[in-house]
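Both complexes below contain subunit A, partnered by subunit B and then by subunit C.
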Partner chain A sequence: MSRLLRDVKDSGAVAFMALLIFAPFLGLQLGDSDSGNLTLSTRPALLAAAVGLTFAARFCFLLWEAHRPPRIPALSLGLAKSGKYAAPALLIFAIVMPFLPGIKNASIDLGVLIMTYVMLGWGLNIVVGLAGLLDLGYVAFYAVGAYSFGLLSTNFGLGFWECLPLAGILAACWGVFLGFPVLRLRGDYLAIVTLAFGEIIRLVITNWVSLTGGPNGITDIPHPTLFGLKFSMAGGPGSFAGFFGITPSPSQRITYLYYIILVLALLTNWVTLRLRRQPLGRAWEALREDETACRSLGINVRNTKLTAFAIGAMFGGFAGCFFATRQAFISPDSFTFMESATVLAIVVLGGAGSQFGVVLAACVMIGVPELLQGLQIYRMLIFGAALVVIMIVRPRGFISTRRPTVALGKAKPISADLIAQGQG
Partner chain B sequence: MAYALQQLVNGLTLGMIYGLIAVGYTMVYGIIGMINFAHGDVFMIGAFIGIIVITALSGITAVPLGLLAALIISAALCGLYGFSIERVAYRPLRGSFRLAPLISAIGMSILLENYVQTSQGALERAIPNLIPGGITLMRQDGFAVQLTWMQIAIMAVTLVVLAVFTYIVTKTPLGRAMRAVEQDAKMAALLGIDTNRTISTTFIIGSALAAMAGVMFLLYYGVIDFYIGFNAGIKAFTAAVLGGIGSLPGAVLGGLLIGLIEAFWSGYATVAYKDAAVYSILAIVLMFMPSGLLGRHEVEKV
Partner chain C sequence: MSNVLSIQNISTFYGPIQALRDVSLEVNEGEIVTLIGANGAGKSTLMMTIFGQPRAKSGAILYRGENITALPTFQIARRGIAQSPEGRRVFPRMSVEENLLMGAQVVKYADYDSQLKMVLELFPRLEERFAQRAGTLSGGEQQMLAIGRALMSKPKLLLLDEPSLGLAPLVIKQIFGAIRSLNRETGLTVLLVEQNANQALRLAHRGYVLVNGALTMAGTGAELLAKPEIRAAYLEGGH
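Take a look at the complex of A and B:
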């Protein structure tokens, strides 16, 4: 009984703090009077509801905490094991998805969006998950890819397929260029400088109006063609529908885009998995574990870091190029810090270093907010709260076990806590 | 000459505001080693509480009393915000994977921004200049260097707050506990320091400073919206890193430098690229001094 009383007291204290915290924002509301001055109106019902809810939530939490089964600190292999079967299943689903009966264009479009973030997540995973370099400005390379295609196509009339490799190469060059100054920096110094580079690129794009169109962005970016066949709604000769003699419909173009990004994302995954087995990938992982040991064993730390930046940036550039062709319109608004944060959150939420985890996290982080579209203004509120809650519940991400790349004998999954977090 | 002096005055005022926010970043970083991304949003919340208090008190009390009330109420409530944020979002993650608190902080930042946006609307809110007038320092070729009362008030309040804060950190048992936890949390705990309480206090003090900076930002510019926290937060974090993260004098120095860079760049080059200038200088300084201007160079033991 005394326990219940204590819980009630505790919840009461929390509710009182909630009252103070919520009072200025939920209890009061700023408004404009006719004379242009600010006015205040009160909303006691909303405030009372918020405080009551806090009390109830805290009380339930305390009750649950008293009765929950003790935690077993064993290796939780559930999700990681399921990944063995779930990953191929998911891949097959991804391949046949556009041809499932009754599938809507909107769903395929959502698939395209999720896949773009999967690709970005895999690209950033090379930098953060494998090489252990905390990059908060990944969106810079996404922007470089998108703008290089946008500018090349509108100024020189190049198509998507010519620009795709160029965008990747340009982004990789920027990766090396921006990687050089930060070679000596570690940890959070690296984080802030990469963030700064991301912001600089966005500011330049916004302000260099004569080249990039500034805040108005670039419009009329061409859609990709299939061996020169356009996906135009008019049909006729030279178009996809005209060539195959079918009625043109928007779903053809969306499906085509879907398969392009699927192939690009799988390419990213394949390259990453292959590289991990090669000396370069092993050097990355060694760098993440211990930079000093790496140096003393004769690994060229500079080149290793730069290749990580370059290859990560290259995939970011590919994804950016695809983004530009999908949207047909790009503006600096698409390349804010929020994008970097979202991609980083996908990588960390998936379990840094885990390829399958990135897919899961991208589905959760991109898919769920899209499904919440109806909630409009509360969408981002829920998104932020969800990030906090997921991190607290699973600090090592969805997939919290790793299979070492190299092992003596049979490689057994180990807890992610044994993997260094990378101070570089 | 006169123009440069004017930019100096403007830059110092702005720099003081950045410095106040940066102190909160650097304290939290020093003590638990995480980037508190939500700190900029606490600054924004402080500004909003300020505007609410000023609106509520306008016409009831004299202006100076109203401003003082805004500062104090805002600092107190934001202290509570800081405390709650640490309890809810960071404490459960202490000692775990380094990136986890970072993502949690980013989530908290998004949460706070949208909390203010949904509860108070996305519109910009403006107040009139409450301390109008000023003194003219000098005149030259028809250009008058103005030092407004507002700027004087901001500098005075910042200096007082920083003096009190320095006293707390260097002279009181609380400050000693904070420095001890910063050096070695485990050892401090063994010696009887309540680390949890010390970390909570750090968050409360840092958030209160950010709140005061928020109120002064509101008074100085007169316009705020729910998004000001992001830019100010990034700038203040840049200031903290520039000064050497973990170093308190470094944070103030970094803040002043960034304020000055911004003011002079806007005055002599283009306003559009002032933020880019700040970030570029950060990158250049860190290239040559990887631990910032006043940061300790960490010797890595193997």
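Take a look at the complex of A and C:
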């Protein structure tokens, strides 16, 4: 009985907090009177309903928590193992998606958007997930990549494919440039400096009007070509549609963009997976676990960190370059802290270090808000609630188990004469 | 007997606090030398100073005649000095095998198999746990892994920082047995820092006693064991 009383008290406290929050949001409403003045009306019924619902939901949750069955560990293992089959299935789906019946241009466009974030997530995963360096300014490298392409194309007439490697190299240089001053910093302090770096890049872009165009951004960035063939709507010789003798349509360009980002993202994934098995990748992970131990094992911590920053930044630069060519227009507004936060959320939500987790998280973080468009103003509310629920159910991200990079040895049963060993 | 490690009058500070006062000690080829002392005497500081973390403010550390006092830590490790740090510091989320691979980062890949074989013969327990995450090992197994990881780099000089810390007597005996057999069979030079003075002095050829950051006594293991002030301070009345 005392338990019930405690639950009621707890629910009451939560309902009171809900009252404080909802009173201004739901309880009050501004409107226009006939004479054009602002009017303030109250909506006590709505407020009472919201608070009552909160109370009921909290109470039900507490009841459920008291009676729920014990957690099955197989569930979390299941998600990690499902990657083995789900990942190839997802890959095949991603490859054939644009040609599936009933797929509209908007869906392919959403696919491009999700894939861009998958790529950014994989790039940041190198820095945050593997090397354990909390980077809150990843958008800086995205911006460097985008502006590299934007400036090179508008000033020197270079195309997407020439600029792609250049954007990657420039972003990697900035990664090293940022890496140097923060080598000694860890954890929170590192996060603050990287956050500042992201803002500095954005402010420089905004204020260096003569070079970057400032807040007006850069326009008329060329779209990518396929071996010199343009995807223009006019058709004619030299265009994709003209060369193959088909009717020009916007879906051709969108599909082409889709495959570019798919290949770029897969490249990121492939490089990461390869590096993880190399001494360098192993050193990143060891660095995340224990920096001091690494140093005394003869690891050059400085170079190891810098390569993590540089390679992570390089993929950010590639993604930025792609972003510029897709939008054909870039401005500082696209490179706010919100972008860094979104990409970091994708990495953390996926379970830092997990490649497949990043894909799942990118689909949730980018796909869900887009799919909820129809719900208008409640979209972000539902999305926020969903994130909270995910973090309660899976506090360490979708996939929190880490698969070893080598699996040569197998666990053997322990023989009796060795039982005496290592019982400390 | 040639001199492997020669520490000459080093002093180390943590900010304004002096942790080591004018400490000098020698480790010769093929020796097990132990450094005993109470909590906070500066034993681990000495161990870390050899690795340049923190750096000695004065004095010199010579390794086979080369002054390594100012070398970066990773360069010191690449000279053939390996360390099993205080508190083991294995990489918890990585498998036993990956931990051992990390120890072998600085050596040629050709040496990997032979070193791995040696380590697994020394600690068969690690082979059974090969694919397991290091964080899930018992304390004794983690200590074996820390020593094994240090041995993977084919060191000439092994620094062990309190390998007996928090372990059951049976496991301590086994780890000390492994150190002894390593020393006898491969001639590995060992500098052992210990609070467990009794066992450490029995194992070591020579020993030093560190009190409040300064060396107060030196001698062979048996000599130190017999000294009444050592018995009073470290052996009787519970260590």
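The criterion applied here is as follows: the second predicted complex is superposed on the first by the 373 of 424 C-alpha atoms of A that agree within 3 Å, B and C clash if a C-alpha of one lies under 4 Å from a C-alpha of the other, contacts with A are read in each partner's own complex, and residues count from 1 in each chain.
Note that a contact is a pair of C-beta atoms (placed from the backbone, for glycine too) under 8 Å apart; a residue touches a chain by one contact, two chains touch by 3 or more.
These numbers were taken from a predicted model, which means no experiment stands behind them.
In the superposition on chain A, contact of A:R402 is made with subunit C only, not with subunit B.
In the superposed model, A:T292 makes contact with both subunit B and subunit C. Once the two complexes are laid over each other on the shared chain, residue contacts for A:P215 go to neither subunit B nor subunit C.
With both complexes superposed, B is the one of subunit B and subunit C in contact with more subunit A residues. Using the contact criterion defined above for the overlaid structures, shared-chain residue A:N300 touches subunit C, although it does not reach subunit B. Once the two complexes are overlaid on the shared chain, A:L20 sits against subunit B while remaining clear of subunit C. Shared-chain residue A:P279: touches subunit C; no touch with subunit B.
Judged by the touch definition given at the top, the superposed model places A:L381 against subunit B, while subunit C stays out of reach. Common to the subunit B-facing and subunit C-facing surfaces of subunit A are residues 292-293, 421.
Considering their complex, residues 17, 20-21, 24-26, 28-30, 37-40, 128, 134, 181-182, 184-186, 188-189, 191-193, 195-197, 199-200, 203-204, 206-207, 292-293, 337-338, 341, 344-345, 348-349, 352, 377-378, 380-381, 383-388, 391-392, 395-396, 416-417, 421 of subunit A touch subunit B. Residue ranges of subunit B in contact with subunit A, taken from their complex: 29, 35, 45, 48-49, 51-53, 55-56, 58, 77, 80-81, 84, 88-89, 92-93, 96-104, 106-121, 125, 127, 230, 234, 237-238, 241, 245, 270, 272-273, 275-276, 279-280, 282-284, 286-287, 290-292, 300, 302. Across the complex, subunit A meets subunit C through its residues 279, 282-283, 285-286, 289-290, 292-301, 402, 404-414, 418, 420-424. Residues 51, 53, 72-74, 77-78, 82-83, 85, 89-98, 101-103, 105-106, 123-125, 127-133, 137-141, 143-144, 149-150, 153, 166-168, 170-172, 174 of subunit C touch subunit A in their complex.
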